[in-house]
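Notes follow once the structure below has been shown.
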Amino acid sequence: MRHLLSVADLDATAATALLDTSDRLRQALLGREVRKLPTLRGRTVITMFYENSTRTRVSFEIAGKWMSADTVNVSASGSSVSKGESLRDTALTLSSMGADCVVVRHPASGAAHRLAGWMDRGNETTGTHTSIVNAGDGTHEHPTQALLDAATLRERLGGIAGRRIGIVGDVLHSRVARSNVLLLATLGAEVVLIAPPTLLPVGVEQWPCRVGHELDPELPALDAVMMLRVQAERMHGGFFPSAREYAIGYGLSEARAALLPDDAPILHPGPMVRGMEIAPAVADAPSSAVLQQVRNGVHVRMAVLYHLLAGAPE
Amino acid sequence: MSRDSMSSLLITNARPYGEDPVDVLVTDGVVTSIGTGLDAPSDADTLDAGGAVLLPGFVDLHVHLREPGGEESETIETGSHAAALGGFTAVFAMPNTDPVADSAVVVEHVRRRGEEIGLVDVHPVGAVTVGLGGERLAEMGTMAASRAQVRLFSDDGRCVNDPLIMRRALEYASSLGVVIAQHAEDHRLTGGAQAHEGAVASRLGLSGWPASAEETIVARDCALARDAKAALHVCHISSARTIDVLRTAKAAGVRVSAEVTPHHLLLTDGRLTGYDPVNKVNPPLRTAEDTRAMREALAEGVIDVVATDHAPHAAQYKDTEWSAAKPGMLGLQTALSVLVETMVEPGLLDWHGVARVLSERPAEIGGLPDQGRPIAEGEPATFALVDPDAQWTVRGAALASRAANTPYEGMRLPGSVVATILRGRITVRDGKVQA
Amino acid sequence: MANLRRGDVDAGQDPTRELLSAADVTRTVARIAHQIIEKTAFSPDSADDVVLIGVPTRGVHLAHRLAAAITEFTGASPAVGSVDATLYRDDLRRGPARALEDTAMPEGGVDGRLIVLVDDVLMSGRTTRAALDALRDEGRPRAVQLAVLVDRGHRELPIRADYVGKNVPTARTEQILVLLTESDGRDGVAIGQAGRTGGDDDAPAAAETAGTVATDPEGEA
């Protein structure tokens, strides 16, 4: 594995290997006095975030630090990024400084692919090697989120193949949904997207999933449900009439959560909009896997860094 | 240039429209004799066509030469070279320059630069609205009456989106005897759009450019043109569904013509998966079903012409993330080959058909009396000589344009232009510009 | 990305010479169990003090067998755990990323206890070193001892085993093949020519398909 750009690059074997590594890392660190592994000593991991996301950035940073990598954070504001330097130049600069891995979050779909292309071409001439990890690119993908969701589902359900997973909300603008649909389908789950037509992309009918517009009839047959973020700015774009109407149709209220099978976990990539997307009592219920997702996020990202950086460069 | 030296030219062994080989004698830019075994005057220049196909010089209704203001991507000089090498003898330069070609001063400058270079007739297209702003009509009458004699007006790159402005533009144009060329895109439906709205874009997370945004504007404009009794030309149509609208309007007698680009005949949105912005273009590459429909409609004549939408962009405008990249691709030097690949070789067009879509109809639409003429005695000697059996590999760096953003990089394409002749003067010989 | 290194040993390789039969393996495990009891002064009273920690995969099986034997002989059971040393190896950059194995510390951890590290083959000592490093991050044992089924020589680090099932002089090009019923369907230890160079000393990761193979460490640095 040279880069992690899209879960589409992972087949079931590769995805399972990453999840297994994640589980083993969790196990290896369980209850330990020293939560640090020497594995990536001397490696440099740079997180380059063109969008704010404290949780993802911190998660990658902790993952790197627990593996003994040197982690450096670059944020778009206050760096040359805000002075009009191109993404390409910024990335090649960081690579030339010796970054072994650049974790990138960018508002443009495909930004991670572009970076990987520039790195590979640059590396040919300089003989260096820089891996790119996509930490969210526009409305395209967020592979480590899908991996941490899969790790959480595996932990809760004992497996993913054959399980029915519902994904609810703003699919149109969600990179989390895209990555999850692909990864869960790859791992053999049956995925159901539930959203109003305005929040589903044209072309969704060719995704490896089923699509529904009504939540209540689906809930009793789901093994797990994943609630997506609905960004406040979409409220004004005419995607749906009001926050209230969204909550009525698609919010996970207590009454609705009761329709789920007893053990069905409820996932949310965070940050949650309590009230509209999910009732506070549901978010804090034992079936909520939100904090488990966050914890698994660190281990999954450690696993990704391990697979990218621990072995010989490809 | 010396008029004397080009007084006589004998082209030998050329096949007009792919028919039997003949010799063509040209005197003072006009065809004076066509036959076999013609004798040339002793001082005549000779050009051995070697059995190449002789066609009327190509006319491109849609190019971006970027001058003034965008000289890092193309100039009228480099664009003229690319045009001549592509077999073109006339091009229409779109007004989205800096400053915008919305006044007599700018269009006259473009026309004059074209004449100074002298490789191809450069006809400036005037803006429909001031600064392409879509709000106030530009001085179309002044531009039409200027030295540049503007015959085509367009806000290309932007749609004249406001139906009332479009109505007034068509009405006004009808009195001037000029054509409005519409970039058909309802911007309300394409805000932030990055790719054809469909399965590929949905997976890549690129916001969709729905085909309906083109279809609805074309339907609207056809109704407006009908009422104004004006001539409407639709730029770069890309969607199969637009063809049905055009067919209906033409059958109803609307004065509407339409163009398709070579890339919309050949390429699909399947190329987008690597996010290389060389494939980013507006309107976007669509599906294989659309390219098939484009080819059929071009063969049938519902689509009148092929126009390149030649849109050079310097590397810095393409070597970016997808959404930041400028839309557009080179087209002048690859147009003929793409047409051979998509239309001639599959048997959809013969060489008369190629002459029709690349020369005769565009000259007619653009109001050029001395272009797109038959190959006959007494007609201007304005030709493209095509080797239909040649194969070549496209290399952006080797193209004459200042920019290198060809989507066909590394592709092997059939057919090449071996010579171009403008009113008896050889502008390209053996695939090289004759300065 | 599915390039985690699995066994690169061809199970159907050259005929090998048997060093230990199934019965020999059982006897050897019993002998080491007795030695551990003696050397650690293992008794029902001190049972909590001793922990057998296997190095995956076959070291873990051996640790469980040793624990069973000790229980049989003394009536008291030592705790058993496993420690995957992969994340501490010094040769990770020499190949594709390796799959990780189980790490499971016994109830009560390792602090202040006597650890017997158990592995199947000892060669360069690098795996043992990695396992010692991993243990250090788990806590602070009172002491660590090492038990191996086969010591084949070629040490590259100042490490020696406290308990050795069999010393086998080998050439670097030879392979030691350890088979255990739990992972391989039968017990036995054999020696043969390596079908290829590569693999590593003490190579747990190369041991998935056909027993542990320890061959030339190929100049590990």
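Details
All chains are identified by letter, namely A, B and C, in their written order; residue positions are counted from 1 within each chain.
The definition used in the following text is that a residue touches a chain if its C-beta (ideal position, glycine included) is under 8 Å from a C-beta of that chain, and two chains touch if they have at least 3 such contacts.
None of these values were measured; they are calculated from a predicted model.
Here the chain at the heart of the structure, going by C-alpha means, is A.
The chain with its CA mean position farthest from that of chain B is C.
With centres taken as mean Cα positions, chain C sits 38 Å from chain A. Between the CA-based centres of chain A and chain B the separation comes to 45 Å, rounded to the whole angstrom. Rounded to whole angstrom, the centroid-to-centroid distance between chain B and chain C, based on C-alpha atoms, equals 74 Å. Those residues of chain C lying in contact with chain A across their complex are 1-4, 84, 87-88, 92-105, 109, 133-134, 136-139.
Within the complex, the chain A residues that touch chain B are 8, 86-88, 106-111, 113-114, 117, 137-141, 175, 178, 201-207.
Those residues of chain A that touch chain C in the shared complex are 1, 4, 9-11, 13-14, 17-18, 20-21, 24-25, 27-28, 30-34, 36-39, 306-308, 310-312, 314. Chain B contributes residues 194, 197-208, 210, 274-276, 316, 319-324 to its touches with chain A in the complex.
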